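Structures incoming, each one as structure tokens.
Okay, so chain A shows up in both of these, paired with chain B first and chain C after.
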Partner chain A sequence: MDQVKVNLEDREIPRQWYNIQADLPTPMKPPLHPGTGKPIRPQDLAPVFPMNLIEQEVSTERWIDIPSEILEKYLLWRPTPLYRARNFEKLLDAPVRIYYKNEGVSPPGSHKPNTAVAQAYYNKVFGIERLSTETGAGQWGSALSMACQMFGLKCRVFMVRVSFEQKPYRRLMMSAWGAECLPSPSDRTAAGRKILAENPDSPGSLGIAISEAIEDVVGDEKARYSLGSVLNYVILHQSIIGLEAHKQMEKIGEYPDVVMGCAGGGSNFAGIAVPFVRDKIYGKEVRIVAAEPTSCPTLTKGPFAYDFGDTAMTTPLLPMYTLGHDFLPLPIHAGGLRYHGMAPIVSHLVKEGLVEARALDQIEAFSSGVQWARSEGFIPAPETNHVIAAVVQEAKRAKEEGKERVILFNWSGHGIIDLAAYDAFLSNRLTPYELPDEEIQRALKTLEGLPKP
Partner chain B sequence: MQDRLKIRCPKLGGEVSLDYCLQEGGDLPCSRIIVCWQARLPVERLLRERLSPEQWDRCFNRPPKDKVVSLVELVEAAKERLQAGEE
Partner chain C sequence: MDQVKVNLEDREIPRQWYNIQADLPTPMKPPLHPGTGKPIRPQDLAPVFPMNLIEQEVSTERWIDIPSEILEKYLLWRPTPLYRARNFEKLLDAPVRIYYKNEGVSPPGSHKPNTAVAQAYYNKVFGIERLSTETGAGQWGSALSMACQMFGLKCRVFMVRVSFEQKPYRRLMMSAWGAECLPSPSDRTAAGRKILAENPDSPGSLGIAISEAIEDVVGDEKARYSLGSVLNYVILHQSIIGLEAHKQMEKIGEYPDVVMGCAGGGSNFAGIAVPFVRDKIYGKEVRIVAAEPTSCPTLTKGPFAYDFGDTAMTTPLLPMYTLGHDFLPLPIHAGGLRYHGMAPIVSHLVKEGLVEARALDQIEAFSSGVQWARSEGFIPAPETNHVIAAVVQEAKRAKEEGKERVILFNWSGHGIIDLAAYDAFLSNRLTPYELPDEEIQRALKTLEGLPKP
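Right, the complex of A and B next:
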């Protein structure tokens, strides 16, 4: 019988997180204070983060011990299994061995609790009693709600109103874990009240929700803000994914040719990637690929979609591959990878040439996700579909080139609570098409009806 | 037909309407609006007609801010709002 899963015993769970900052060939530049122009100091961040986490944010220690209280919680679902996707391999009929780390087995169904649990713990030991955060689709909000409950902290989540109304199950999960989930803009903060006074039907945005969550903790000594991606310490906490995968691959005598992850804020990608980036820095031959979502149909529209016309994009161009037979590289702006606050570490790794960036269209992503569900059984989160699409591309390349490849990727979460997105895809509402003239005219009218910016 | 003016937002992880994208940045559209919508409608041309060069620059040509920098700015803005509320 062929082996499908590689498990680690509880006692084999990594006892330290890995900090890539210790091994970067070029150190990252410290962010500068917008007022003084000097590097931001720990005390500038103290109103929103506890000092123990700020210390981790700036640490260049290579290994950081994971406190036993955090390991105890991790053991509820970690170490996560490493799977070999044998059915998907058969479907692709390419010379590849595909391994994936199943982060969907955590209680909220994604990789997010790896840092949520750590953040809740460090806030608790710092004497904090309440955490506040923002959430879009609710993955992060639900992970933090669970983590706060585990350490006896109160939790308040500002959920972008349009998502709050669309995603009742996520907010119910937060409530089940004892958190207070508010639609943002809310009347709880001056920022929210101002928006509501101007537009009572405001659908909100991530920017508004962040402003509310920050305002909610500033001036409250017993409250702090929590962020689920982008920051260095988030990447640090997520490194446990890659550290486990490294051990699991070693256990079966495999080493990946390619390591892949989907990159929204960058935390799940970096989580699986950083231990392998370290290998690469020290001479190992391995490619690391970050797959970011785009709504542009690369297959039908070609490169123009990434060209930004004459909008004077000054960021460097990176190659990407299409699904075409010749895999012609198309230009994509590296800046795209930072579109809403990509982790600076990931941007830095791209700039250093240690990580490749690839953009995947959502239709291609959902098609791959459905293929996955129909072969491997697990229904992926919509974000996870992007890396699955990148894996499909990689397998097709291997077939074209007639070269064997071992692919490792992070299956960052399940999509059971995001089935509405599958409904949109399966009922062709996501189909890439150009709007007919009459609809363009109607869209124009929509535009005219809005207050001029 | 109405669904055709909706799109999956990669930032939020759910479907949003064109109106949402046009106002996502408060007084400006979402900086991803061209990437997300250009394949369906000529949003770049429409916005060029509508936004001043300064607004266009603010929306599309500025490199994204470092997250830590924007957090420090948000903290300062929150302090000001709270202070104004107390006065």
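Right, the complex of A and C next:
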């Protein structure tokens, strides 16, 4: 009987997160204050984030202890199993061994609680009583709702309207965990009202929802904003995925030729990737690939530039690949991949040539996802389908070249709340989509006049 | 750091199922042919089930080997983790240690694939090309859809209409796995058409859907019927839950004072219970408790009688606790607990005093389920909420008595496709419900004229 799962016992859970900033060959550009154009100072961020998280954001310590209160919550679903996808391998009939880290086993069904639990904890310790956040497909909003409930914080979630309407179960999940969920743009904030005045039918976007959530907390001493991706400390918290996977691969004497993840804001991808990027920096041969959708090709078609993280231009200017802060991606179903920018850490790694990026069409993604569900059983999230499609491409290449390849990827979440998207695919209501160049050029105009990195 | 999960490695998965029929102190009554009133013979069942499963149904061998083709599929999610519910324990503040077997980690999110995979395999080996079945909440239908896909069989599912309408995601899940799902009563069968003629708005019931699924295969050489509960071989396949839990408890030097499960048809309950029932038969002190809903109180208010498994009176007469084969439970949300009868094995164990039964109201069940979700994270299925409510009662009793108690229960599935039911509960749209005695008396009239056990 061939082994399928590689477990870690509770006592083997990593006790520290890994901070890639300690090992970068070249330093990252600093975020800039949009008013002064100068590097942002910790105190500038204090109305939005608690100081203990701001300290993590700028830390260059390599290893950061995970507090026991967080470990205790992690143990509810972590360490997550590493699987070998033997049935999918058979289907592909290529010389590959495919390993995947199953982050779908968490209560909300994705990798998001890795940072949600940490953020709720640090806010709690800092004396905060309420968190506000945005969510796209709802993976992040539901994870933060659960985490806030666990630490006794109130939680308000601005959910991109198109997802709010398409995914009622995600908001019901948030209320089961005691949070308040509003469709964005909403009339609760000036940012939301402005968008609604221009376009009452706006489907919303992550950028808009971020603006609303930030506005919702600024000026409230006991409230802070929480972001589920993009930031350095989010990637720090998500590094536990890669640290566990690294141990698990070692347990069975394997090392990946290629490490892959889907990338929207960059957090699940970086989470599995950073320990292997570190190996690569120190000379190990390994390819690291980020899979993004052709409908929002930030890494493959956007420039590396300073840009706002949100639509209302309230955040610091971040050095990143971006399609421009007012880019409004089509409402395709992989809501978690529809962000105009990309985590500065991931952007930096791509710019430095440590990470490759690849764009995949949603039809190819869903087609691979259905193959997966019908062989491995587990139904992947639409976001996850994009990396599965990239894995299929890798396997085909391995077959053509006649070369063995060990693939490791992050199965970032399950798709059983996204079944309407599968229905659309199976009944031929999804269409291939490549973002027209004119659309990109138009959106990039919003970068004019901003500082250049 | 306190341990939360007890894992078994892939190589530790049980290689044999356990058959409680080998250890019963008194023999079970045989099922009867409804025409002759005589014990049913294997060949009578041949148009409905494949002979290899019929042989399992009547087997009294204690241990039955699990074929390697089935083990290979089991390993996609089995062995499932045994958890200690430390956060829930803290909330209850009672002298209890609560362990739960997390069957929600399977691809469809419940214990159902344990027998679905086995049944699909045995049918395949017997040369069958298509399976037909019924489903209530959809847990069973989705599990069989997945299993059929894995072994290359076609699958048709008759889904109780009220659930078909309330739970669109369940049927989308079935199509993602390539099955055909129809609302029952349907106009595809004589049984369905008869019900629709009497009541075009019939919400359906498991009994009706069973009739339709059986009618759908009888006469088709290459098609057979598949049942997700009630039968002896279903409980045989589900015994893997209890066998794993037994090993896991042993690993940490624990033994339960009480073993609990929710009971609709009886399969998840018996699955975790039978290895412990065996211990009890051989002198071990352990209580075994089945939790059913007050809206369908088969074990607590029904008589032990011979009755049909379906509404159209097409099945053999089974010796079981029953509310009468035309009993139509109210459309409460725990669709999987709405069956008029109870597995003959479970019924026998209750009659012999080896198992206790308890009925719980859905308000109490959901209230416990929300407490669970807000402390342990995982959102339980509405069915599972009933056993959680029973666990809460046990904990309260332990506190009152000032006595320590180790509780083991089967967390039969997650509820993230049942969030509409949580929404109804949280917005006070659910009401307490106890089945009126007159209603029971009326339904029991259908037993008149049938043989008595």
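Operating definition for what follows: the second predicted complex is superposed on the first by the 372 of 453 C-alpha atoms of A that agree within 3 Å, B and C clash if a C-alpha of one lies under 4 Å from a C-alpha of the other, contacts with A are read in each partner's own complex, and residues count from 1 in each chain.
One rule holds in what follows: contacts are C-beta pairs under 8 Å (C-beta built on N, C-alpha and C of every residue); 3 or more make two chains touch, one makes a residue touch a chain.
Because the structure is a prediction, the values reported are computed rather than measured.
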item	value
Contacts of A:I281 with chain B and chain C, given as first, second, both or neither	neither
Chain B or chain C, by number of chain A residues touched	B
First, second, both or neither for A:M150, with chain B first and chain C second	second
Touched partner set for A:I417, first chain B, second chain C, both or neither	second
First, second, both or neither for A:V406, with chain B first and chain C second	neither
First, second, both or neither for A:A22, with chain B first and chain C second	neither
Partner chain in contact with A:L91 - chain B first, chain C second, else both or neither	neither
Residues on chain A lying within both footprints (that of chain B and that of chain C)	420
Residues of chain A that touch chain B when the two form their complex	31-35, 40, 44-45, 47-48, 57, 136-137, 139, 160, 162-163, 166-167, 189-191, 203, 205-208, 210-211, 214-215, 218-219, 227, 230-231, 264, 293-297, 300-301, 304-306, 308-309, 311-315, 335-336, 338-344, 362, 382-383, 418, 420-421, 424, 429-430, 432-435, 439-440, 442-444, 446-447, 450, 452-453
Interfacial residue positions of chain C with respect to chain A in the complex	1-5, 7, 9-11, 13, 68, 71-73, 75-77, 87, 105-107, 109, 113, 146, 149-150, 168-169, 172-173, 175-178, 370, 373-379, 416-417, 419-420, 422-423, 426
Chain B to chain A touching residues, read off their complex	1, 3-8, 10-16, 18-20, 22-29, 31-32, 34-42, 44, 46, 50-51, 55-56, 60-61, 63-64, 66-79, 81-82, 84-85
